[in-house]
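In structure tokens below, several structures.
Across the two complexes that follow, chain A remains constant while its partner is chain B and subsequently chain C.
So, the complex of A and B:
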């Protein structure tokens, strides 16, 4: 048979086969393997409170990752999320100094996130600029403002009621952050997979020009996605600030890379057009489990980053190497 | 003439000159030749890295691992210096260049052979290279007293009135300018980024050209790694942390299009100098260094806006407006 022959199968793969062979199944298998390995490697792993603590490793990043997944599927990216976290945290810290109540602090955090997202969105959609460069610029700008405000000082003294968002438990070992993570995962899953808006996101990522000619408001959808990403960075900032109880301008430094890693690990195509929220959820658990498990084994944080980096490249490279080897 | 006046290099040179003049109105010492030479010397690492990054960006890729490559190479040559203090510096520099090139090749191979998007590859290698520094150094610092005197003295050694660090930057600028404008490889970088499909039909291997771009970027980062640790006389895991963003910023300010195919060595150098002048001017005009991040962020955004104005393709007309019926 010459290599140019192509066939069309008599039957398409059954839905079950397709599901078994999917990226999400592979990820789930990896997650289960890591979980099992951890359980055997450390006697402290299978403890409800330890596992509950472990979720803090990924909940805040995952909240941003959900919105980032939609943005990347639509063919854009936002590298400024960690800086939005810092700026929102700085604004909340400043408000806390003059005695703002927890509710006001949350509103301020979310509003700053929305404003930053709107700023990115305007530059990308109205001015038509490439998002990767714009958000590298706003990444410096937003964190730069935090540095101008704070310098080498820090804000503390948050009101007692504010602690709940990062340190509170809803029921037994279930933290507020874990509940927020689950609710947001569900909300973004529905938005992406069950609504017209979600279909528009896929269409725009696959072919923005065709989407425009089919009558989709490409600019508006992208603008909303930047708003959502900013808002989620604001939510993450509320949780992180509440958990740490203080704000330094370096808060959340480098978080954007972990968020992008989580999204890509979750099977979202970095070039846009495909990806799922369940994939990102499992990727979040994998990253949390790896960090937590290695931490129990006294592996320093920087070595964990090798594992995360290798995971990022490995999960993309291995299927391609496998395909090359199979010819 | 008009085209010449509108070129990015001329506008940027004018902006830098204006900036220097404004500062020197209040602080005449800033414009003294010795100080300007100092600013150039201080910006040398950024210029060298920006040239490497420019070549990568020209081919529609991006290299976020430059700072990590720099740090890893710096740590390796420092440890080597402890183990063998008498090693000739030429050999040290050769090792730095080759190690950097190998680290760049890893990026290049993943992009070329496995077709993984460059931003994912270099995001991954960035964290891996940083982690490897920790593994080989056990997280310890290499301090000034552990390095041999010759190892530390090289970038500061004055030759014809300028420190060798500046000469390294000048050499890289000249070689890069010649390669980019006078060799087939240099033109291939432009062609591959400008129009990948057309490049394939003209017989260029797009992946291989990108591979060489990453190799060059890595080699230059390796060279800078040695210059960096010897100049600051210290090596640890986090040196040049976050510097990759300054490098990309220098390129963007220098008019290098992130979409590939557009840019020049002069632009990259001027973009780096622009950031260098700002960085060196802030303490002089008594503004807290904490302003620097916000200022360079604003500069990047303004530069992207200007770039897009200059390179905007005309809109396409699908249906002509019908003539009004008479």
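So, the complex of A and C:
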């Protein structure tokens, strides 16, 4: 056995070639096409303030989508995120009624998110229940608590300083939410693509049994991902509550499906094992651009969701159709 | 369902004539012959890998032979699929019965050939009545309307047998039917076999247990390495002769020559017990030693290893590693203490086939290639290149997905993964099962090299030549217990088979 007579190269394809041929490149082309179409379709589109407003269509969902992407890559899912948003918002609203400061409100929002995530995580990793069932259950449970607390009423009267998270601007047209989106995108991108933890996420999503046999602490990694997803739902709840200025129990209703759509459109395999954060970021922009562009054209909301659905199926099916046609 | 008259013993009901079956790289059957007579039980005997299961699959239409003929009552037939086999009256009862838990007993018995009523709908009443007749005939106290899931394993076997009778089977294949049964249930099964014999059915009985072969078989046929070795009447043969036929071969594989330098004790297992899988497991392992674990499938070898590795929890018992008592609750703990495990099921447990080679190799070693939790790809590639080169891995690049490699090269990736963790003890579970001869030799050579470097190796193997060729010491397990520990000079194929099968020493 001489190690030198048969040399195995590290790579056959440079990382750059691989990137050019990737799903993300296709998505980016779609995003540019939509942007160009919108620019021609409406004279109001290419306006810095309008574009800035458009980012609110996706920033909060994208924050959750980053964590959800990791969770789905690891082979699990959390459908209770929108209900966590509602429960966290309700808790913040209740605290605001007794005069809590903005800082305390934020802590409450994030803590509720963490607790909900821990609850989901324990049920899945300790009890061994399937996450899709657990989180459909907690989806009803968490929002149900909000309905019990609020009924037909709403919480308002948030302190002035709390407005900044959803309505504030850091510089010119750059909102706090957009900055938070960018920072979180970077953080999750680094976590997934550059750390040992991220590698474990991919390994577990591809084969949880072999990952366990390889000495990974599979349960612990999954639990952390549920915690992170709950935390991000808490962050999104802070932003959304601040932006709306009030809490109704229906806040963020149906958001979980838009989050999952964003993740899948971003190229994450719904069965786990593959996907990237850059893909999810581009998918977030695509969904924001489509919603905003159609809004400028006075397309009603129900039609928008049809367009988003068609876009999702189209983008997912295109490569498959292409392969069939070629093959 | 009329009992057939007992035919003359000479007229074969089913025979294989020079049947050959090849798989990529392996010749599973090489011109084998097998003859079954009505009213007789023929025991098919052979080591694991001798080709018994392949014969069953050919007879039931799952595999097609690459050469030779299948004769039913002297006429050549083609068994293109399971239906064709059933049409010729051939049916099999497997180790794990292939039945449907959610259906009723009657539906299971008549699935695919239920009596039809008007409009082609299933005539449930007739089906239940016929099922009851068959169950009565075999004296099985089972209500045909019960759902199968509510039955015990033994009762499920009875249902499988009833199903076999419902298609008017002339040939019944029983593939280790007693493996999952209790003592009482086994006796009931023997009675049933006698009944089937009386009805003139030909029975092919596959078993590892010599006591039952001598109890119920009329004839025997021995296979070895996919070749027919011999057959005859059971009263003309002794256990010793059968064992000789099973194992008596020239060892054709070349194993690396070793001069083991056995060092200090590295692992000591004391009193490992598991409620169902194994009991009273005690052994020690020394540096530089290759310890073989031999036994039949289901003897509990893998279960012991997986308990040692933290996958399953033993009820009681303790482990000492380098003299320190260690608690291993998870594979992560085991790896941290220097114990690693190469599982038998490579695709499911060993490798993450969708990920590239280098990521598979570095997965348990990331803490060494990374800095502060951040990946360093250059270090990963270096580590992966180092260990895969030592194993003579063949691949297009280190970014190739492991799933695209041959079985032998996949195994090399799994072994490289563990060596990169610099373990103290490496457990290899059937390390060369299903891999080509060339890779086999590479794995053997490497095991020898590891032992020479002072690693302690545990090798679980069902291949006698491998056990004999590689081990310094062998532990034989049978029914969850250690039944023998043999030194280099005590190891012979005969002793291994005898101990594993529980054949008395005195014979």
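Just so it is clear, the second predicted complex is superposed on the first by the 310 of 327 C-alpha atoms of A that agree within 3 Å, B and C clash if a C-alpha of one lies under 4 Å from a C-alpha of the other, contacts with A are read in each partner's own complex, and residues count from 1 in each chain.
To be clear about the criterion, a residue touches a chain if its C-beta (ideal position, glycine included) is under 8 Å from a C-beta of that chain, and two chains touch if they have at least 3 such contacts.
Everything numeric here is computed off the predicted structure, so don't read it as measured data.
With both structures placed on the common chain, the touch criterion links A:151 to chain B but leaves chain C unconnected.
In the superposition on chain A, A:141 makes contact with chain B only, not with chain C. Of the two partner chains, chain B is the only one that A:309 touches; chain C does not reach it. The wider contact with chain A, measured as residues touched, comes from B rather than the other of chain B and chain C.
In the superposition on chain A, contact is made by A:261 with chain B only, not with chain C.
Of the two partner chains, chain B is the only one that A:127 touches; chain C does not reach it. Residues 213 of chain A lie at the contact with chain B in one complex and at the contact with chain C in the other. Residues of chain A that touch chain C in their complex: 1, 3-4, 6, 8-13, 194-199, 202-203, 206-207, 209-217, 273-274.
Only residues 62, 110, 114-117, 119-121, 123-128, 130-132, 134-135, 139, 237, 245, 248-249, 252, 258-259, 288, 290-298, 300-301, 304-305, 308, 312, 318 of chain B touch chain A when the two sit together in their complex. The touching residues of chain C, when paired with chain A in their complex, are 309, 311, 330-332, 334-336, 340-341, 343, 348-355, 358-359, 363-364, 366-367, 370, 373-375, 381, 385, 388-399, 417, 421, 442, 445-446. Listing the residues of chain A that touch chain B in their complex gives 123, 127-130, 132-134, 136-145, 147-148, 150-152, 213, 249, 257, 260-261, 264, 270-271, 300, 302-303, 305-306, 308-310, 312-313, 316-317, 320-321.
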